[in-house]
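Two complexes, one shared chain (chain A), two partners (chain B, chain C).
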Partner chain A sequence: MDILIEKKDDMIICRVSGEITFSTSPDLRKKLIEAVDQGVKKVVINLKNVGYIDSSGMATLVELLQKVKSAEGDLKLAETPEKIKEILDMVRLKDIFDFEDSEEKAITSF
Partner chain B sequence: MYNNKKLNKGADVRLSEAMKIPSELKKVKEASARILQSLLPYNLTAYDLLDIRLCIEEALINAMKYGNKLNSGLPIEIAYNVDNDILKIIITDAGEGFDYENLPDPTLEENRQELKGRGVYLIRRLMDEVCFNDKGNQITMIKKIKKGD
Partner chain C sequence: MEDKEKPVIEVKNLVKSFAGRRILNGVDLQIYKGEVMVIMGGSGCGKSTLLRHIIGILRPDEGQVLIEGQDINAVPQRELDKIRRRIGMLFQSGGLIDYMNIRNNIALPLREHTNLDESVIDIIVNLKLSMVSMRGMGSLLPCEISGGMNKRAALARAIALDPVFVFYDEPTAGLDPVVAGVIDQLILDFSKKLAVTSVVVTHDMQSVFRIASRIAMLHKGEIVTVGTREEIKNSKDELVQQFINGKPEGPISFLQKGDNYLKELTEK
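For the complex of A and B:
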């Protein structure tokens, strides 16, 4: 998994590519939790290039959402591929996340 | 509460492939890739392969983490076969088993923020037949394979 992070004031845009799994998600978790601890309140995770997610990856996204919300911020998922959305929907995670079709829309949606 | 999801169709499938791996998470992807390799002649779609991979890896991770407590000295036994368009996979750990009939439903509103409990649910959703042995340390997964073009 590759993670590219762009920081803009109190927002970070995190572009993830590859697989979000039990072995890769700790890195994503660490980077984003650090950012939130440093004052970031708006988090965009761009999943456009993510081809696979397992239940550990899902748990990481849920944990990050909780972390950001507890810091009175918000987290948006952008450009989520249909297959990934289908899996997230299967466990009703589509009900707790905000999905945006584009990164631009996610950025302006806060 | 769940019941074992059963189809009679898969009950008689014999298993011809078997492997034993240590309870090391780094071995998960390699093991699932080997099983998926056996599906190559079926030209499955990438989406179908992804669903099957997810089930295999969730079952293996559960077996390693919750069954064998990540004790690398304890093996995971994997048996699988594709026959008559039916994929059957049996994964057995050396642990004490678990109460598979009383797992919380992760889709209920009160459970959606939980950080655990989605793996078995996903397996049950994506496979055609799923059952556990009485002890709860062995999962059998069956999927009817639709041949691609």
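For the complex of A and C:
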């Protein structure tokens, strides 16, 4: 799994590619939690190139969403593939995340 | 999502006896990725014994079990542990640890096999509880919930590590029809959305025809037929028809024969 993080003021855009699994999700968590702890309030996670997400990946996104919201910020998922949406839907996570079709839309949606 | 090219689980000529009584008598079975294989058959026909061989709890007297081409009775322990980590098993009795609450039961494999932060484990446990419709019940002990809930909690634990193979021994027994339907839907979702390969041992005919990609009928320690739902429904085999329609009369006999009946009755 590769993670590219771009910072713009109080926003980060995180582009993830590969599979978010038990072995890779701790790295994603560490990088994103670090950013939020440093005052980032707007988080965009681009999942366009993610082929699979397991429970630990989903839990990481949930934890991050909760953390950002507690800091009165928000998190948007951009370009989420249908397959990933289906997996999120199995545990009703489609209801709690905001999905945007494009990264641009996600950036302007805050 | 099924890949019909190569089986991910192969059972080859499996033979097993207990105390001189042959339980499995040369079982052959191929299971493909993403399919839900239902093994059905009368009580005592060897279904659970077969399942226990496939997950490597029992060793066969003869024959092999191959998972993704690896003979699970011949690989080194380390390899077997790797294979087992990718397997989830729902036991007939549930098998929860009775002094641990439901949350800790589900968290146990996550704590043992991953380096995840405890906060992530907590959320995974909540996600699994949600999947089995048991949100908010994590703090209860197994003895504080019904048998059906115990089974659902055990399923949550079986899928804690997102296994690619899940084995179910009577997953819907003792559950009300709605909860049984929820469990069946989960089994189907795992198969369709995550390409999980499932092997289900069950007597529940409604469930069989709801979830099965293919059905194998085990009788007297042998696989007597394997087919799709339609093939099994339309089978001309008397044994299959007796079983799926629950007819008391037929080749599956529950009447014990023998000339020693009077002697057995008067024995102490």
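In this section, the second predicted complex is superposed on the first by the 110 of 110 C-alpha atoms of A that agree within 3 Å, B and C clash if a C-alpha of one lies under 4 Å from a C-alpha of the other, contacts with A are read in each partner's own complex, and residues count from 1 in each chain.
Everything that follows uses one rule, which is that a residue touches a chain if its C-beta (ideal position, glycine included) is under 8 Å from a C-beta of that chain, and two chains touch if they have at least 3 such contacts.
Quick caveat: nothing in here was measured; it's all calculated off a predicted structure.
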- Query: Putting chain B and chain C onto chain A via the overlay, clash or fit?
  - Reply: clash
- Task: Could you say whether A:M58 touches chain B, chain C, both of them, or neither, answering first, second, both or neither?
- Result: both
- Task: Could you tell me if A:E72 is touching chain B, chain C, both of them or neither one (first, second, both, neither)?
- Result: neither
- Message: By the touch definition at the top of the document, which applies to A:I96: first (chain B), second (chain C), both, or neither?
- Response: first
- Return first, second, both or neither, reflecting whether A:D9 touches chain B, chain C, both chains, or no partner chain. neither
- Message: With both complexes superposed on chain A, which partner does A:R29 reach: first (chain B), second (chain C), both or neither?
- Response: second
- Could you look at A:I87 and tell me whether it touches chain B, chain C, both or neither (first, second, both, neither)? both
- Pick from 8-16, 44-52, 242-250 or 260-268: which stretch of chain C gets in the way of chain B? 8-16
- Message: On chain A, which stretch or stretches are contacted by chain B in one complex as well as by chain C in the other?
- Response: 22, 54-56, 58-59, 62-63, 83, 87, 90-92
- Message: Which residues of chain A touch chain C once you look at their complex with the stated criterion?
- Response: 22, 25-26, 29, 54-56, 58-60, 62-63, 83, 86-87, 90-92
- Query: Once bound in the complex, which stretches of chain B touch chain A?
  - Reply: 25-26, 28-29, 47, 50, 53-54, 57-58, 61, 106-107, 109, 112-116, 118-119, 121-122, 125-126
- Message: Taking the touch rule as given, give the residues of chain C at its contact with chain A in the complex, in rising order.
- Response: 114-117, 119-121, 123-124, 127-128, 130-131, 160-162, 189, 193-194
- State the interface residues of chain A toward chain B in the complex, per the touch definition above. 21-23, 51-52, 54-56, 58-59, 62-63, 66, 83, 87, 90-93, 95-96
